[in-house]
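One chain, chain A, appears in both complexes that follow, with chain B as partner in the first and chain C in the second.
What follows is the complex of A and B.
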């Protein structure tokens, strides 16, 4: 019987009329889209950003639709590698799906009619027609990355105002919202998502532009490391997704799999297979992968010629087993510590690092801030993003940061609940969107009509 | 003093096809009192809806539907127009729910109104409990909330998700509810009575199987009705994946999972067990009974009779008895021969081993005046006589649920048309494989007699139900493939995906350990077992041989046996995993112990596979599922035998809890005062969907 701590209805508002109507918070990311009503404690709608394209060219959205191996789907993602939108047409439809599937009805169920060419008069007309209430009821609070381009920001308000006819709109930085979600106005936000890891310093609810650091060393990169680990394992681990397996037989650890494989008339596409493989890797991350806690320096700390103290000590530790969908299984001992190590230390044995490590980013971000606020930042380190849920991640971060900044109080705020960590910025949006004072900040439809899309640059800093 | 009274509570559980409703909670919870199709018809005016199809008729027809119409439009306005109740006519019907989603809110609201009118509660005292489909959006809930409060003056409303209701019905805190509906399968993971994961398989459900059958039997010109009836017929069966189809020489090696057997105690041995103990066993017993009687005749204890000195008397009595018996047997004088002939046949094959079976299709003709078609010619030389189900069970007008496809046609005593002695032969024959039976002269004779008898029965039936015709079709292997082509795999994948959505990793195993199948779709014979086998086959994680020497093995897990190998966990659970009732543990006890103290219940703690004994500094994490179990239905609801509609039981349990027991403390319902203050969106604070 979850009840809400926040309630927008008691707050007086004089800017837009619908005080009874809660705002919709839309938090799109590379791997998933979070959407829900302001004031609630979890997003009601959680949809994957991946979508399927059938051979006929129709789009399939949502988790329930894209996992059918018989549908011969091509899996794509409208988001770019840095977590910003690349394909606006699809992104709009995808977000619409996320909102309509669980939250509210759009007036137009048919997404084709929701194209960008609809002019405003349509929306006005629909307001007058009776029946289901469209999104025009709900103000929309959208999140964006700290490095979102001006063009993208203007596009966001365009979609919200013109395609969806929102009465009010706001665009908020996801790092700021993550800080709000943790109850901070000033914080160093470490956000490790699927495609991007970022470190952003927030002061009084505003990002410090110079402090924005990002790196591709995030969830997807770890997945890549796991694939490499599988490749290099002895014996090599075959990543066979569940849909390929018709039946499996229990085999000894390390023994080759004895599974019957399903045959498809039309073999599923490579992108579909990759999507399904990713599900296994995700489970592997949840149940096997461990981040070295950094107790005696990093994992590959050398003590003497060629020996790694920490890594070698782990070899004697019990490992974890993981069974692949085809039934093959093996014990993962010290190797399970290796995949995430590269996020912290540049000299990873697996491959050249593709970007700055978290430690580098923290340093760079920290050094770009004003001396006065530095202690505040370190006392309020907010950790968010699903990749930070890897076992031992926060311990390691804590250990690294205390070593890095001795004598300063480093306090890491990491939500204990899985959902709060995964949906950190959405939660912040939920808090912000339900604040009475925030109601005066919305960009209303009238303002948009008067100033055009560029208003978002002026207002949403 | 609770605020509401039991007999005032109104329960509504809408489904895409059928809506269950009831006014008042009975002393002992019962299946829904009202069961109506979830459909409306366009009204006379635009944007109005009528519960029944309206047909304009001439005046002479007596208006009998005036009391069921709604909204004030109606028959009395004009004399020439009258509303006729046409329950069978669904032409032009609007189904407000599709795959659980509300596709037409106005129609749905009108439907709610219709339900209200039918039950006519005293709205001022009537709290309303509506069971929400998982697919309903937040907006839907608000609309419904607004409508209910504004229209019905109800004092309180609670909207509860159907999966939660099912969990309440079973009394389990954690569950994975697999609801096989009309056109969809909803999968919901419930942990601690909260919904923690949702998934849905579109275009599936019972209708998905019907469509598949229809497609497979296209060559035989199967209509949807025929496919639907076939699906409900016991000859349509979903075999456990890997079971070789009859008539095909072991197409592939049977895929079994020893691990499944090891941890759940049954599953991979499931196919074998199920097949040998197929429900046809009953018939064997019946036949034996016939034989026994016969044997009694022959084996007399002569010595005792003679010594008793009443030989003459006894013999006379015996003679009389014999005569009586032969008289009784006159109607079916060759029953014994038939029985013997059948007994002489090698093996009686269960349905799943027979390549072909005969399906009797009953067609319902709308108009009694329709031309009465005589049943077509017998199909083959050895066409088995029908084992007739009681007619009422096949009534198309009755809802899907009542047909109870799992119910086997083997209950001769219930059948008024077949007399006792007849059973032996009548039942034997459908078991005889039509293809491989040698036709002996005895058989021929038997067939003739049977054909004659069948004709009689048919006549009797046709006289009784002149609006039905009956056709026989021989169905081959298609009848085993209703859930083929990735159907089960799609559901299994959704289950797996849904459980993985549970955030708390340690709760995932709990969800796996109490699967609940519900919904009408899973009544198809063999469906549950097949789905369970698919899940086991694909997703069950076997105990790894690598963990054998693991030092972090929980100390109280299981002592390694003398051979040095660790015995799989579930073998310690005392009750072997048996389908469909996985464990005989008292569910109350089970629920109580598992929710309170994991460590105290040996069954439970063993099945956790060490979840609670992992290192302290990390949340426990390991791969799931290490076991897959089906939740045991509660045994303390005597009225509930069939838990396919557990959702309605759950609605009653939840309503009692929310409205009466709890009295609003946990804010499980929205009161009128709160609604007036905050509007429809206040329903989200209830948080039960």
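What follows is the complex of A and C.
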């Protein structure tokens, strides 16, 4: 969940070698957009991909604008189910906002057209001459998924060159950047984000197309499992987001909430409510959800007398308490292990066949590669994406992979720092885009004008 | 050219050819210059002592952009010889090693990884290759197993 801007510890730095450009790195995902200057340690701008639409049809972008319960907003997202762009008109405006709102020294595009909701009168006064585009001084390095379509790739360079006026552009695979950032030119990259979980093998810096595997069993799916868990709990857990609570009194565990609920003249839309609920669910993921370690088989390993060996043994373990915004709170014991299990094993309690599990994908991806690079892949597994921050995720992955490939060295590299796991691709792009030598790589505006958008297919592999 | 735009200094390949043809040089260690523009030879040695070679990788450093010195990745080529367990004699394999310690900074790791293909593709006659990210990965026994594919 995008919540606040990040404070980069470093000032905008000169590009190494004294070159004058300050390139911008844009790493858009289904849940959030990461944008910032090349050479910095973390993206200055971390903005939600969700945006608001008012009843008049105005678009609102950014965390400062979309969480107002009185604005009667419809919440939407321009990304498709597989984390690639579906609505380019909106994505262009949304990303532009993510870039211009947080990265300083910037001209903004005409505020009457760029969809920003700043105070118009001020902005108009400061406006530069007509025709100025927002990124005329900044080369743009954008990340993309391994399964991005040719159409989308060409659209990216078009937006950069035509709408934003970038002098140069580059498109880099997010899995390759994550591998490079871990010091590896060859790796099996496992990325679990919001919309998509994927396994992609990278060899000498290039993705192996045949090895690309993806699945919807990712963060959004886990959120759905948590909703089902709340729904089925005894007593049922009411997911009441913060904005609805006017006041609350402490209650015992499992007791009904004693809270005053806010009344709205116009009740917020269902999509707005879902957005606010998602914030709580993400917090629940961070503090309560646990991935079963897989030490004695999977969670629902059955035993002859009936029942589940591992799940039942967890019932006697101490649980974790979680308090909802309305003050109701409950202890989560063995149940907190259930919501992520389906990512690893097709589960008999959650929706079945929602998509391939991580295990299915690892096998399929691995089997699609050449024999001679296989040992290198297993010894260089790179884990990235915020859903991999779930407690116990990496331990479980390790246990599954060592069981799958006995006698082979499996080594999983998962950055210990949360920031690196969430922003791994952005950070990789930041280093690359700041290299003095990288100016030879950029697709320049002149090249774009000469060859058209298809140049991106030829140059960015 | 590499994916980072980093290039090779002139003697990177000629020294490798010398290793390949004259069989005197045992290993070459390559590094990136401090300005991250070029891959250069740090050392070429006729000493075949693996431990001494390993120690050089382990203690390698690299300046980051801010001028701070930290652990440094390296590339190396080692003319690795071993006896076949079957008694069928000695084999030698020119092995390419991409050394990138996990505790090096993201900047040097990123730059070495994205520049590797420039060097690797320029060296003709490599018989084996591996990535190493911690000291265990470059233990003699573990390298022997990797390079000989278990036949030593």
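Quick notes on this one:
Convention: the second predicted complex is superposed on the first by the 408 of 461 C-alpha atoms of A that agree within 3 Å, B and C clash if a C-alpha of one lies under 4 Å from a C-alpha of the other, contacts with A are read in each partner's own complex, and residues count from 1 in each chain.
Keep this in mind: a contact is a pair of C-beta atoms (placed from the backbone, for glycine too) under 8 Å apart; a residue touches a chain by one contact, two chains touch by 3 or more.
Treat the numbers as computed from the prediction; the structure is a model and nothing was measured.
In the superposed pair of complexes, A:40 makes contact with chain B only, with no contact to chain C. Once the two complexes are laid over each other on the shared chain, residue contacts for A:245 go to chain B alone; chain C is not touched. Within the superposed three-chain model, A:260 lies in touch with chain B and out of touch with chain C [touch as defined at top]. Touch counts on chain A: comparing chain C and chain B, the chain ahead is B.
In the superposition on chain A, A:419 makes contact with chain B only, not with chain C.
Of the two partner chains placed by the overlay, neither chain B nor chain C lies in contact with A:280.
In the superposition on chain A, A:330 makes contact with chain B only, while chain C stays out of contact range. Partner chain C is touched in their complex by these residues of chain A: 13, 16-17, 39, 179-186, 204-205, 375-376, 379-380, 411, 413, 420, 427-428, 431-432, 434-441.
Interface residues of chain B, counted against chain A in their complex, comprise 105-106, 137-139, 143, 194, 199-202, 241-242, 252-253, 255-259, 262, 485-486, 489-490, 493-494, 496-497, 500, 503-505, 537-539, 541-542, 544-547, 550-552, 617-619, 621-623, 666-668, 678-679, 681, 684-688. For chain A in complex with chain B, the touching residues are 1-4, 7, 9, 20-22, 37, 40, 44, 63-65, 67-70, 100-105, 131-133, 242-243, 245-250, 252-254, 260, 279, 282-283, 286-288, 290, 318-323, 325, 327, 329-331, 391-392, 395, 417-419, 422.
The touching residues of chain C, when paired with chain A in their complex, are 1, 3-7, 35-37, 65, 73, 98, 100-102, 104, 106-107, 109-114, 116-117, 120, 130-131, 133, 137, 146.
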